[in-house]
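Structure provided below as structure tokens; questions to follow.
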């Protein structure tokens, strides 16, 4: 039972990317940061009451599923696309979508191309080890175009190639493209083409067969979304817990009833998670949003109330 | 014809050599003597060297030490784009050196290496120092504990057990009896109600990184591969066909596949070969694999040295009544190991360089960290500075070691005891 | 087959070889060897190169195995049992042509190694024994040096001392002087002479005919893997009965006198 | 050995004899070892089977025949995303062999020159060679690979630099070769006459045979008269005549790379990943080869050189006729093991996106299918068979070059 | 400085060394050497170890360079000009103590290599010459073998034949017999004797005093890098004038006669 193991260990072991701007990287003090990293911290806060009680395991595309299935990590929070075969054959459970992404193309404005349909004959830098290669191959094939793939293992290396014009376009999830563009010397000289050629719902994974643990991870993420809906932030969550009269806030924060107990958690589990990383919106804008160096719009990841897809089932 | 005859009556005293034409004039004369082609080659070689130094210097001399991000560097450098941005090294050098090792515990790796380096030097001396090489092993026992930490009780029990076994052995007990004593002491000490938490704060392998990781993997590999390699070498030269077959197969298998595939095995497959549910530190798994890898190469070095020990030595030992193991331990191995020290040092250098491959399976060694740092949006797009820094560090260490091994080789060649 | 003189009482017999045969692969290296050596007897073995002298000596302490016949040393029959082999080896000391000293150990350590590890004698005691024998062969002052620092003659004397430290009852010598410069040969022969005078049972392969004349009780002449002649030295040198022996002696002695020895 | 087996049976076998009797000791020990080894092996295999079953992935190589679905940029055998994983693996394998062969060839030539330069009496040259060797062999090859890759990407012009009126880069050799940071584009050859390619190949083989024959004739003349007639002019004539004829007849069409759209089109594309990998492997290995060559030459006794000099041989002749043929015997075995390690190091290709066996079979295929065990086993099997083949060749060679001695 | 007797006619002079000095670093290895060798003269050089005999011989064909004085071989003055060195080397043959045959070539190839590549002689012709000289030194039947398959004496004779194939006018020998077993020394000395009788100019460093007596026109005694005495062999051996010579001869001859030569 994973929850027991985590409690006993006193730490959550969380698999993350070895380095992907906005999602997972280390700062100058050696502290992990990023969107995927924050998910881990939220789960750690919910289960252990301490958002710092996480051990991060950097994983490559190749090693991530083995690490999960062998029990080396408790959660895999590493921009992993939810697909049918992964959910079934690889014996992993996706517990929800934290980020709706799609594969796009980054290109120099100077090239003068407006649509991905004009990319015939282009050299394309791809970050390997993901679904990207398959999407790309299908896209070009179905449009009757040819291309020259340059598969690169690490995003940093791929960007280097793109910047030196070793390839004409860089394809990856649009979030990664935006992250890359933001770090360029002159971001305005590059654009992301309008076509998004795939659906890339990213989210944390757990092993098959531990339903309670899957529920904990899934509902922790949902709690963060709900918190944004309910206007709870890392600053006001304590105050709201004491003062709020909204019934759903009470249920979520454990002041009204004990939802946590149903899942083996403490009553204040959601409160701890929100206090640790903030609500979904805070997390987004801190790591990826327009105020961050990455500068992404919410887009599909806006709350459903704002025309996005982020939607939390009711807490009751 | 009458032979001319001559007899010297007084001897000629030695005179000092005529002043060899030195300085520029001498050089020029020498060049003239050698002809224009050689002169051209010399000039070209000097030109290439100067050009390399000039290129490197003009790139690296840039006033960017204080920059906090690549964009700041770009501002500082303005239009001299082809210059280094050193801010990243100022900000991250410690991380590149020790990875994520807790900063407040830094004294531990420093102390550990302060012990290990003299220990290694002691072990690898040409002549066995008085009292044997055994004291050189002490740091290897202490250093891992310093690095990984954890409760001190099992370590103490192990030390006690070792002491007891040694005492028993000195008092004439057979090897197996000493082993029993060791086990018993360990069990007894373990059963004592010592507080389990006393000891250094534990640090997991995952927190190792950067050079610390490379050095730890490299050192562990070489230290553990030494006994394993010796065993394999003995196996390969054994008279038992089965043992020979197994050792040869193992050695050739390991030497036949790239280290990368072994590392894949460590990262993705090792758990599959072990009982269900086993699961241990990836760093430990990598160390195991690199150890096996190094052992195969050490085995080949030692095998060469074993065959360099004359057959007469074993015969001499046999005629004195020494048994097989006594002969190996007292006569053959001491001589073989002494011969193989330079080879072992070379193996160590290449294993140490090969530790960079762990970045391919996602460990944050200096190269893995380079990637990670480049994911920080402040430093995206930086490459040369980090690679250069890492290259210089590797060069310094490996060059020092290779010089040492060459020196050793010279010592061994002139050492006619 | 060959007429061999045998002592009557077995307890007086140090080495008894009967009908021993040895093959290297298909090469018949020793053929029907019969030899009995009494306790205290000194035997010199000679013969042309490749005649099997070394092989015979090495069979006695099981450095080589034999395929038929028996070897009995000091009442212990050499069998394939390791314990028997060990017992015999600790009775028998051996000196090689190339000394085979252990170059990584000092002279003293060379001499104490086997007593300590095989006989399990306390180290101090072993040291006393070693000092005694090193003194006897006259190289005590070299005890702290390494073999590589000694002359050939000194090395060979150390090798003898090393064997003696195991207190063997029988010593085997395989051409102990043939790798030495002429000046050093004498040192070693003197040492061996002294041993002989103290009554040590000795089997010595050598071409030093002067030594043979002086100390040997019997000279054994081998050729083509067989014992050709076996006789007291005077008889052997003055009136060799076998043609081959005569031929051999003619060569060896002729050459030696021609070289002015 | 300490104890040799006495083959004569002296007494009946009893239980303690199993360990103490030289007749049985070896067999007993081996039996014990066999049991131990089999136990460990069995344990490992049973673990594997249990684990694989638990993961729901029984060992099966069926995935090799599924559609691969990804593209490989450099494929010397026909390959498309529609091909099977097996074909992808084969494509990768061919790529591995290509880069390994290229690397070995360059490393040898470079290493030979640097090794000789290191022994040169010309101090600056020897110094330069020493710097080269020390710098290259003391820095990990992966780092060299990354550095060279970065160098190629950043220092060479992108195709767009060739575009427009104000282009900053130009093609070489009257617009036929383009050196870009995506690789080098060189003209390719095709033929209008059917079978033209074969014709050309035949002509080249024929010309080669002729020059060989010419050399033999020259040898004979040298034996007969002492003067060797100049061979290379007539040889050149034959080459020009034969190849020229074949070219004219087969109607060659040289496809010169042209900047079209995003990229140069036409011609042969040597990708920068290939070039980086090739350069890194050969530069790194050359440092080791140089050391091998140096020590091989140093191992030739000084007296040999003196004897050659006293016979009046020039330094060049001495090197060619006396020193190198003797050094060769010492050089070849370690050289072969350098070739092997170069081949193994080529597995670092994934770091620069060169699609070798590690990139296809043990990379994308492994990723797409999740068949770690099978993919890694296959990959190891391939590398092992290469080493085994080379070792066999090496042993054969070693047996051949031993000098005849008494 | 030193009084040396010189032949009058220069065309009769094979080697003329004047006031030659050589230093190894700061060590003064050859001091004011003056030596004139007439065409057809046979000179034996002897002297204690380290006295500079080899160095002098090696200076003559520029295997070592000298720092002052002059060496003229066959009218060509040895200078740093490479062409001069080549000319001199093709006039002068040299035999080394350790033969220095090329182990990767057969005996015949050893002998034809230099004629073919240096003298540009047709291969067949070179082969004929080689066969002739190999026959002369008595190893023609070994022509197809490799040096490693020959005995030391045979190897040295091949080395002599190899030098002769270049048709040198002068032969230098540097202790050609000192690495050989006694039986083989004679073979080689006989070959050299034959050469001497055919009138070859020879400079020979050797300690074979018998050989010196028999063939030398002059014996040169060196010590401490200088020529100490130079005399006809009879005078040299019977009435050495220099103290050092006397001392040296006392040692060498004393030892030799003791050894029964």
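Every chain is named by a letter (A, B, C, D and E) in the order it is written, and numbering of its residues begins at 1.
Following the convention adopted for this analysis, a contact is a pair of C-beta atoms (placed from the backbone, for glycine too) under 8 Å apart; a residue touches a chain by one contact, two chains touch by 3 or more.
From a predicted model like this one, the values you see are computed outputs, not experimental measurements.
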Least hop count linking chain B to chain D through chains in contact: 1
Quick one: name the chains whose C-beta contact count is the highest of any pair. B-D
Note, CA centroid farthest from chain C's centroid sits on chain A
Roughly how far is chain C from chain E, going centre to centre by Cα mean, in whole Å? 46
Indicate the whole-number Å distance between the mean C-alpha point of chain A and the mean C-alpha point of chain E. 88
Where chain A and chain B are represented by their mean Cα positions, the distance between them in whole Å: 40
Rounded Å distance, chain D centre to chain E centre (Cα mean): 50
For chain E, write out the residues touching at least two other chains, lowest number first. none
By the touch definition above, chain D meets two or more other chains at residues 3, 146, 150, 350-351, 372
Can you list the residues of chain A that touch 2 or more other chains? 62, 66, 153, 157, 160
Chain C touches which residues of chain D in the complex? 3-11, 17, 20-23, 25
Sites on chain C touched by chain B in the complex: 61, 63, 86, 89-90, 92-94, 96, 98, 100-104, 113-114, 117-118, 120, 146, 148-149, 162-163, 166
Taking the complex as given, what residues does chain B use to touch chain A? 70-71, 74, 91-92, 95, 99-100, 103, 204, 206, 264, 267-269, 271-272, 277, 279, 282, 360-364, 368, 370-378, 380-381, 383
Hey, which residues of chain A end up touching chain B in the complex? 17-22, 24-30, 55-60, 62-63, 66-67, 70-72, 153-157, 159-160, 163, 179-180, 182-185, 293-294
Going by the contact rule at the top, pick out the chain B residues touching chain D in the complex. 34, 38, 41-43, 45-46, 48-49, 239-243, 246, 252-253, 255-261, 264-265, 268-269, 271-276, 314, 317-318, 322-324, 327, 349, 353-354, 356-357, 359-360, 367, 383-384, 387, 390-391, 394-395, 398-399, 402
